[in-house]
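Paired with subunit B in one complex and with subunit C in the other, subunit A is shared by the two complexes that follow.
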Partner chain A sequence: MFGNILFLVSALFSVLGAVGVVATKNIMHACVYLLMSLIGVAGLYLTLGADFVAATQLVVYVGGVVILMVFAVMLTGGADSQKSNRFGIKKTPMMGSIGTYIAGGISAILASYIVIFRLLPKVFEAQPVNSTMAFDKTVEKIGMLLVSDHVLAFEISSVLLLGALVGAAVIARPKRN
Partner chain B sequence: MITLSSYLVISTILFLAGIVVMIARKNIVAILLGIELILNASALNFVAYTKFVNQNLDGHIFPLFIIIVAAAEAAVGLAIVIRFYQIRESIHIDDATQLQS
Partner chain C sequence: MNETIVTYFAKFEWYKSLVKALTEMLGFNAEPLMVFLFFFLAAFIVVNVMAVTAGLATYAERKISADLQLRMGPNRVGPYGLIQFLADGVKFIMKEGIIPKSADKFLFTLAPILCLAGVLGSLTVVPYSSGFILSDLDIGLFFLIGISSLVGLGIFLGGYASNSKWAMLGGMRAAAQIISYEIPVVISGLSCVLLAGGLSFTTLIEAQTGFPQGWFVFHNPFTFIGFFVFFIGGLAETNRAPFDLPEAESELVSGYHTEYSGMRFAFFALAEYIEVFVVSGVAVALFLGGYNVPFGLGGDGILGQFLQLGAFFSKTLALYYVVIWFRWTLPRLRVDHLMTLCWKYLTPIAIFNLIGTGFWLYGFEGKSLFELLFKSGAAAAGGGH
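After this line comes the complex of A and B, so read on.
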């Protein structure tokens, strides 16, 4: 019961946040909607029993990446200077003719029909009935897996982070005259 | 009842929102937000399939590496955005037409 309520709230958060990122005009509001969506996804991880992934999602994404995005928005002129270009539709002319849109609509209907009525039932048939895994701690097993099976990817990711750090510092340094 | 399909539907919605943001927005920072949404959708798929299909923890390792790569990508991408703003005084994507300043 509690799991169902948590699932519903998290799903609502993530979906509404994603729709808000698409629909809002202000880029700062888009950042806050992305924050909401990421928190919702962390709640979905909790309903799936992935506690360590949820904690990492909260710490790294919500605490790091979104703050970085907000810094970038503020360093590039703030939210006021970017309010008017939501989709840029006013600047570009309309592409194609009426026939283009009719063909696009028909192909979209066909593709959604194939996906919904042909592909999705096969996906849903494939799931096993017994899907309740006991909610035990995953941190210990994930730590063991990280240093045994996936140790190469672990080390490579440390090199990747070092490269990203140095690269970001080199790219963003002020211009030398 | 919560099944695999509910997670897949949510992941599809996140993915489609990210694709729409990446295609339709003209702001470079907004495009980076769309990339974050897409990466989240894929990580959610990994964890959902781990619970409902094979139940080993390899599907929990992949979201960790996705988060690592997303953090590195956000750092470098935002550095590029800030550098671009210093050069062009704009972060409109249509202004990015040349590789060298």
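After this line comes the complex of A and C, so read on.
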């Protein structure tokens, strides 16, 4: 029962948030709706028993990415974006040409075919939601896997992050004349 | 599997008989209903106790500051002015909630709720005693860090949505400060995770003892420094003085909550005071032995639980006193000093502590300083024969 309720609530959160991101015209509101959607995704991870991934989702996206996005929007003057016409959407009611319409139509048909005939049957066949909410410990397993089987990916991503850190420091450094 | 307050109560006979009686009365399996009811009740009690603690903390703050400045403090409402905070709460409820005309109404109303939700969410894993913990998640400490990052966003959005330059500056300072100070806090907390071998709060506390020589703060020199790094960083994360730049009264009127009034302002204030409790509680759980009682007094029964509650609350409230004491003793830092302290001092020290703790674990097989000293002292005195 709890599993189903948690699934329904988090699915509703993620879908409503995603719709809100697209529907709203204010870019700050879009960031907040994105936050709602990301929290919903964290809830979906919880229903699958991946508690560590859910907490990581919260730490990385809620604590980092959304705040950074809000910062970037604010510092680049995106607050009055509903008044300006930055992306030319209002100027050209018929966005795109015949070529883009054909490409968009074909990709829409392909995507709907894949979703309806390939993915949805698998979703309905899938295991029911864990109703007892009794999970195994995942932290130890993730830790062991990170330093044994996936040690190369782990090290490469840490070097990448270090590079990003050093690069940010170099860019942000005041220039000496 | 995660232990919760419900699994604690499920061990008792009366719980089982209650479930049985309800099942017979209602005609269906009442187990999930009972679990829900118990969680609801426990969460209700925890939130209300925390709200009252926060209220009393405002009273304590005013009384202690008055004491430090040779004043009287609140002394009119009730004996010694004790129910002053109730009068303040009633005033908050009665006041008109004003939203400035040019403010962003959606974000303006959402920001205090986000702030309070983040703090109340972190109460889930605060270990009051071995049984009375709402949910002892396997990822306890990590969950706490994740959910409490909502607070920073709430403060920042509050500052942005007010459409006022003071609130804006306060919100920006808050976001920068909270994100920066999360790093030393997390890294110094991680050294305790190394020692205990687990992220859940019960694992962390069971690895310590009731007496100070078993606490992680005295385990080795690195964790001793780590405790202070953790506490300073935690102070900065709660925006308390000397790190109260987001609401610096002398520069920014009132910072991020300049435009807030009534219950919305009360939400911000409540969130701040509860967060101080959470930070003190986590510092106690990680470094100061948590709910451990000397000699395991009281046993496993209800009496033991209440003794553990007493141990946890007395240590936490002592740290709370230190936080208030800091606020009325130290002057506020400058913005550049704040960032220098975080990035040039606390973060390198925290990383050094983490590596040092790792070497200590490897070199002395996880023995604490007291164990080593006692052993060498006993050997020097001719013990061990």
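Here is the rule we use: the second predicted complex is superposed on the first by the 118 of 177 C-alpha atoms of A that agree within 3 Å, B and C clash if a C-alpha of one lies under 4 Å from a C-alpha of the other, contacts with A are read in each partner's own complex, and residues count from 1 in each chain.
Methods note: contacts are C-beta pairs under 8 Å (C-beta built on N, C-alpha and C of every residue); 3 or more make two chains touch, one makes a residue touch a chain.
Every value quoted in this text rests on a predicted model; they were computed, and no experiment measured them.
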item	value
Partner chain(s) touched by A:A164 [first = subunit B, second = subunit C, both, neither]	first
Per-residue touch tally on subunit A - higher for subunit B or for subunit C	B
A:V32 touches, of subunit B and subunit C: first, second, both or neither?	second
First, second, both or neither for A:K141, with subunit B first and subunit C second	first
Partner chain in contact with A:M74 - subunit B first, subunit C second, else both or neither	second
First (subunit B), second (subunit C), both or neither touched by A:L58	second
Contacts of A:F13 with subunit B and subunit C, given as first, second, both or neither	neither
Shared contact residues on subunit A - subunit B and subunit C	52, 56-57, 64, 71, 138
Subunit A partner contacts - residues on subunit C that touch it in the complex	1-2, 32, 35-36, 104, 106-107, 110, 137-139, 142-143, 145-147, 149-150, 152-153, 156-157, 160, 172, 175, 179, 182, 198-199
Footprint of subunit C on subunit A - complex, ascending	1-2, 26, 28-29, 32, 35, 51-52, 55-59, 62-64, 66-67, 70-71, 74, 134-139
Sites on subunit B touched by subunit A in the complex	2-8, 10, 13-14, 17-18, 20-21, 24-27, 29-30, 32-34, 36-37, 40, 43-44, 47-48, 50-53, 55, 57-58, 60-61, 63-65, 67-76, 78-83, 85-86, 91-92, 94
Partner subunit B, residues of subunit A touching it in the complex	3-4, 7, 11, 14-15, 18-19, 21-22, 27, 30-31, 34, 37-38, 41, 44-45, 47-50, 52-53, 56-57, 60-61, 64-65, 68-69, 71-73, 75-77, 82, 85-88, 91, 120, 123-124, 126-128, 131, 133, 138, 141-142, 145-146, 149-150, 153, 157, 160-161, 163-165, 167-169, 171-172, 174-175
